[in-house]
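Working notes for the structure below.
Going by the order they are written in, the chains are A, B, C and D; count residues from 1 in each one.
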Amino acid sequence: MSELLDRGAARTTWIRSRMPLLAATRRDFAERRPFAGRRVGMSLHVEPKTAVLLEVLAAGGAEVVATGNHGSTQDDIVAYLRSLGMTVFGRRNDTLAEHEANVAAVVDARPDIVLDNGADLVAGIVAADATRHVIGGTEETTSGGIRLRTELAGRVPFPTIVINDSPLKAIGENRHGVGQSVVESIMRITNLMIPGRRFVVAGYGWCGRGIAQYLRAFGGRVAVAEIDEIKAFEAALDGYRVDDLRNLAEWGEFFITATGHPGIVTEEVFDRMPSGAVLANAGHFPWEIDTAALAARAVAVTELDTAIERVDLPDGRELILLAGGRMVNLAGREPKGNSLEAMDLGFLLQSLSLERVATDAGSLAPGAQPVPDDLEREIARRFVRAMGADR
Amino acid sequence: MSELLDRGAARTTWIRSRMPLLAATRRDFAERRPFAGRRVGMSLHVEPKTAVLLEVLAAGGAEVVATGNHGSTQDDIVAYLRSLGMTVFGRRNDTLAEHEANVAAVVDARPDIVLDNGADLVAGIVAADATRHVIGGTEETTSGGIRLRTELAGRVPFPTIVINDSPLKAIGENRHGVGQSVVESIMRITNLMIPGRRFVVAGYGWCGRGIAQYLRAFGGRVAVAEIDEIKAFEAALDGYRVDDLRNLAEWGEFFITATGHPGIVTEEVFDRMPSGAVLANAGHFPWEIDTAALAARAVAVTELDTAIERVDLPDGRELILLAGGRMVNLAGREPKGNSLEAMDLGFLLQSLSLERVATDAGSLAPGAQPVPDDLEREIARRFVRAMGADR
Amino acid sequence: MSELLDRGAARTTWIRSRMPLLAATRRDFAERRPFAGRRVGMSLHVEPKTAVLLEVLAAGGAEVVATGNHGSTQDDIVAYLRSLGMTVFGRRNDTLAEHEANVAAVVDARPDIVLDNGADLVAGIVAADATRHVIGGTEETTSGGIRLRTELAGRVPFPTIVINDSPLKAIGENRHGVGQSVVESIMRITNLMIPGRRFVVAGYGWCGRGIAQYLRAFGGRVAVAEIDEIKAFEAALDGYRVDDLRNLAEWGEFFITATGHPGIVTEEVFDRMPSGAVLANAGHFPWEIDTAALAARAVAVTELDTAIERVDLPDGRELILLAGGRMVNLAGREPKGNSLEAMDLGFLLQSLSLERVATDAGSLAPGAQPVPDDLEREIARRFVRAMGADR
Amino acid sequence: MSELLDRGAARTTWIRSRMPLLAATRRDFAERRPFAGRRVGMSLHVEPKTAVLLEVLAAGGAEVVATGNHGSTQDDIVAYLRSLGMTVFGRRNDTLAEHEANVAAVVDARPDIVLDNGADLVAGIVAADATRHVIGGTEETTSGGIRLRTELAGRVPFPTIVINDSPLKAIGENRHGVGQSVVESIMRITNLMIPGRRFVVAGYGWCGRGIAQYLRAFGGRVAVAEIDEIKAFEAALDGYRVDDLRNLAEWGEFFITATGHPGIVTEEVFDRMPSGAVLANAGHFPWEIDTAALAARAVAVTELDTAIERVDLPDGRELILLAGGRMVNLAGREPKGNSLEAMDLGFLLQSLSLERVATDAGSLAPGAQPVPDDLEREIARRFVRAMGADR
């Protein structure tokens, strides 16, 4: 057990040292103790970056009761967080039933403040009729925000700040963070050349813009498939070839999805791709490449290396599927995810939003809402200063 | 007179041939005649690009009664438009009183539909208590839109579509059109090198983004001054040096304003600039560089070449002012303005918005409003197709 | 006459003020007088930038006897140079016979040092059997260098430094200077949009690399046609589409030649171009676009605007020819040529090479040769310092 | 043993499938058998990419006798190559004495043709007075080429083609291959953000140009330190800040060396770096960052993660050293090196050069020499075609 703990402690060192905004907030919270007497219930990936966030909240006086997402919990980080006195439920190999019990355990701990991901905790609290204990919270994802505004609309009497609606996240994390990490991941996993190769990016939202921009910056020849007319117009003026995915299928060598929608790369696209085409997904859900349809027609599927599968088709062509169609920037033998600075940004949004809930919940209307504008501006200012952008 | 007419006719030929969207609309309107029986009153620059727009409206059956902006009317184009049977008031050398009389004359003509610029016509119609004749119109500028929503709010019973609020204009005209034309104009006017030189761009809105992007693309070293925290954050992540204009003053060699606000380059900025610094403004109004303050402290002001003045300061430094602080991309011996394609886009927005007013005004609420979403999407589609972006 | 002189004097002011390296050299030469007692004979364009070079030589003690190239002499600059006491032959409207007489007059003046362009003066001196008067000189062009190494080989007993062989010129003038000025000229002449448009650049030497780079930087979609395999490889890895010009003809919208070879855009290329295609040449000689073949098949040729001709073909297509196939960056109503800084670089190479000839001709072998390496390095150092590249 | 073999065989599958030029050459060689009856002696890294090269030679009829470099031999690949019937000496954990014995064993095998790396085999053959058996060979590295032209000059009676002198390698491998892999490696190892961060690249040769270009393309702010005046000039016109490394030390956040020279980042540079600065080397030898001096002054050195060390200095600053100052693009938990396409290029140069030696050694002069020009052009053509650059 002590070995696990040591490893967990060690792994957060580099990461913590490169999250200067959280470090400053931790010192500030340690002095002001905005969470004194508050119990924060969390449901979010239990990994080293999150550990740094939880340290910040604890420094601010919070009692932390936490669980992870199903399947992504890292046992050494659990050990490390427990050594700090936090209550953490879950293990890497939990069954789905065990995971659900973990979420229920956090709900049962009756948190004052909720740090949620996909609205799982809030849904549990509503189901348990325990909303009166809660003064407010944050929601990490857009899809959690949608759930709060639809399925749970009118049933949540406290404010929930939706972090992912932030324009800072769109720019800092979706455009630049994801743009960088997707290109880095494709290079890391495949060891293929970018300059002069032909890439098709499906979707020209914030993530797609970043991916296309960074691929082209690396010398890639990039085409964009986008059904929204305004975004397609933007892509065309940004100098990309723009066409339907079906029409681009014969031309491309790499296909990267970032649309947020299911069923983008379908059978009729597979049919037209050249042999050797590489398929990767950058969207949150593993549904953009229709891997079921691909598997159904495959003669053979061979794992060539970590996160690289070759799919042999009956007509003799081979398609290369990365990370099984799951998020490519979280895949490979040594997944990196977004940069530490991008996470520092995202978790500062979390920290200051939770502080606002803890100290001034009355200033917030009930229900899902964006990060308060003054916090956005304050965080932007701090980030630019930490970058030394004036040098 | 015939020589003037010939010149006006000739000058529209190249321009018309490179505005394919307007050309197609003209053919379409000639068949459908959406403006049959309508009188369109216009107040907008009378120059060759506008002439192509008016031809389109006339082809659609409109009776055109028009005047220009003060000081920009081109006499050969007036002659050409009159030869097409339009009523056009104004000459290049009109006094302000004469110009006001021209606007009044358009108002007196009792147009059904108004094509306005800065809300001058609408203000005149309101003042003349003649709004009942009007079924609706368009407004070219953002500042006209503001005037409609403040000074004239509640007094205009018909719909006015504000063209400049369009996202297509923001991308196609402000970012790419202005970005390109400002960089081209600085090169054309000064004949100076861009690669490796140091540029300070004040303002990181759509225009500033485009200017900074194109200067960097040309090898310039670019810093951005921006007081809005979110935009400053975006600029920093886009890889620019970001600081206060005052702090960048000693570093820069070129200073370009695109903020939309007055008094950006002020005495304390002049004081810190190196000798030889070049100053240019890209904003709509000539107020961003405080030219009055500059003139007040000048020992001498010498015109070195078209649109280039050298301002000698008492301390021995020389500053170079382009275009007297007016829009640099409309200056020089041979001003170009935005590209023909950008104008094709902007005037297609005008044409289809006016058609909507003419044929379905009832679908529009009274007052200032954005271009209907279905038109935006249709126009985006046509523009991308005309570009051959799929090739 | 005095008006001409005033205009000539005025036009050099802005230009001189932006050539800081020549200005410093002028001060230095005025002190050291390296050309004292020397007569410099020049044959080069008589225009304001050259005037600044001649002022530098005169400040160094040179007696200047000069003439221009046929057809490019600017009369106000002639007047201005004469007012400085220089002997200048030629007028704008000289016939070819008059021009040849001017060159002969410079030869007859028995210069000690020759500043040549295309080896015209040296050929004249050899023909006049007057080489013994000459201690050495410079040659501006590569083609003059070729002539010295072939036609005139063995007949020139003095050293001639070929300026255009300099790596600094290749980088500073051909890549960046021409790259910038060609893109600027196309925008200035046509007022067309660059972003998203399709460009074919023929030739991937220093000029072609610069043109392709700057067009892409401006958002253009660029293909390269290049028959040299190594350069084609470089272009492909730089991320351009690479193919035969014939195959790219249907795809392109703009065609720009920069190969240095005749007959690049030929009938079979014209045959495949889309209607509306724009043709421009950036190479030194007006032979890359086969304008004779184009004229021969034209139904009509119409000048649409300065430097823009529309060529109507029998099949109904229209091609747009810029500057009649001559160097596009020296064309238009207000030609700019390369940037002042690029000229400052080129003329510093001239000045210091001429100084080396004047003061240490014995260190140079007879015949055509590159700029001495120590001068290249000294000039590079000065240029980088003048740029303030360390700031 | 069979497990080792299986692993070695499996690991070459993905790699072989992405080296299309070698694959085609293998089919061609299998038909023509240019190496029939020839023994090829090799000294080069024994890893999967090299295995694919050796398969090609064997398909052409070569008997292969090979050993690796000291410390980089991969045992599974040894097993795999032996299973193909090749003679391979060496293991991962060989001592230096064992390694030298392996090289001697290859020499003792009396190869006809030598595939060398650093001229180790040729030096052994000369020392053994066995040059008469050899008809010629290739040398992979520039430093081996230098050794052949100095230490071994006049003692090698057969031709040796120096692969690394190829312009295709300079462009394809040094500029683009290394440029890409260094940026990818820094992201992969550190998980830090590139956009907006400040990088100092020491050296503006082919590798430095590529690194600077790709960092800037990724949004990094890049300065270049270069003592060669001509290259510094090129960097300045390419738009980089250019200064002495010492002067840039305070400004930079990342420092990357690519000069080929020892002692670039020295004590006086360490003294000025900000705390947290990241140091990486991209040059062949681990001598550019003076790691001995750094270790000597360190209070503590802590390994934070694979290839990341924190060096605590007495004044409280921390410096971050990547890969211990060895080539950063070969470091980390999952090193990638240059892209498969770049290796395909490099090994095609090897294959066709070796074929030329085997079939037409008489056409080659004795001694070190570049790749024959016709082969360069043929390979460029094949590479561009394999890229589908015309699509």
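Structure notes:
We take it that a residue touches a chain if its C-beta (ideal position, glycine included) is under 8 Å from a C-beta of that chain, and two chains touch if they have at least 3 such contacts.
Molecules present, by chain and UniProt name: A, B, C, D = Adenosylhomocysteinase.
Note that the coordinates shown come from a computational prediction; the quantities given were computed from them, not determined experimentally.
In terms of the stated touch criterion, the partners common to subunit B and subunit D are A, C, listed by label. A comparison of the B-C and C-D interfaces places the larger number of contacting C-beta pairs at B-C.
With centres taken as mean Cα positions, subunit C sits 36 Å from subunit B. For the pair subunit C and subunit D, the distance between C-alpha centroids works out to 41 Å.
Counting only residues that touch two or more partner chains, subunit A has 176, 195-196, 219, 236-237, 240-241, 387, 389, 391. Note for the complex: subunit A touches subunit C at residues 195-196, 216, 219-221, 236-241. Chain contact summary for the complex, subunit A toward subunit D: residues 10-11, 13-15, 17-18, 176-177, 180-181, 184, 187-188, 190-198, 214, 217-219, 251, 253, 276, 304-305, 308, 310, 318, 332-334, 336-337, 339-342, 387-389, 391. Those residues of subunit C that touch subunit D in the shared complex are 167-168, 171-172, 175-176, 229-230, 232-237, 240-244, 247, 376-378, 380-381, 383-384, 387, 389-391.
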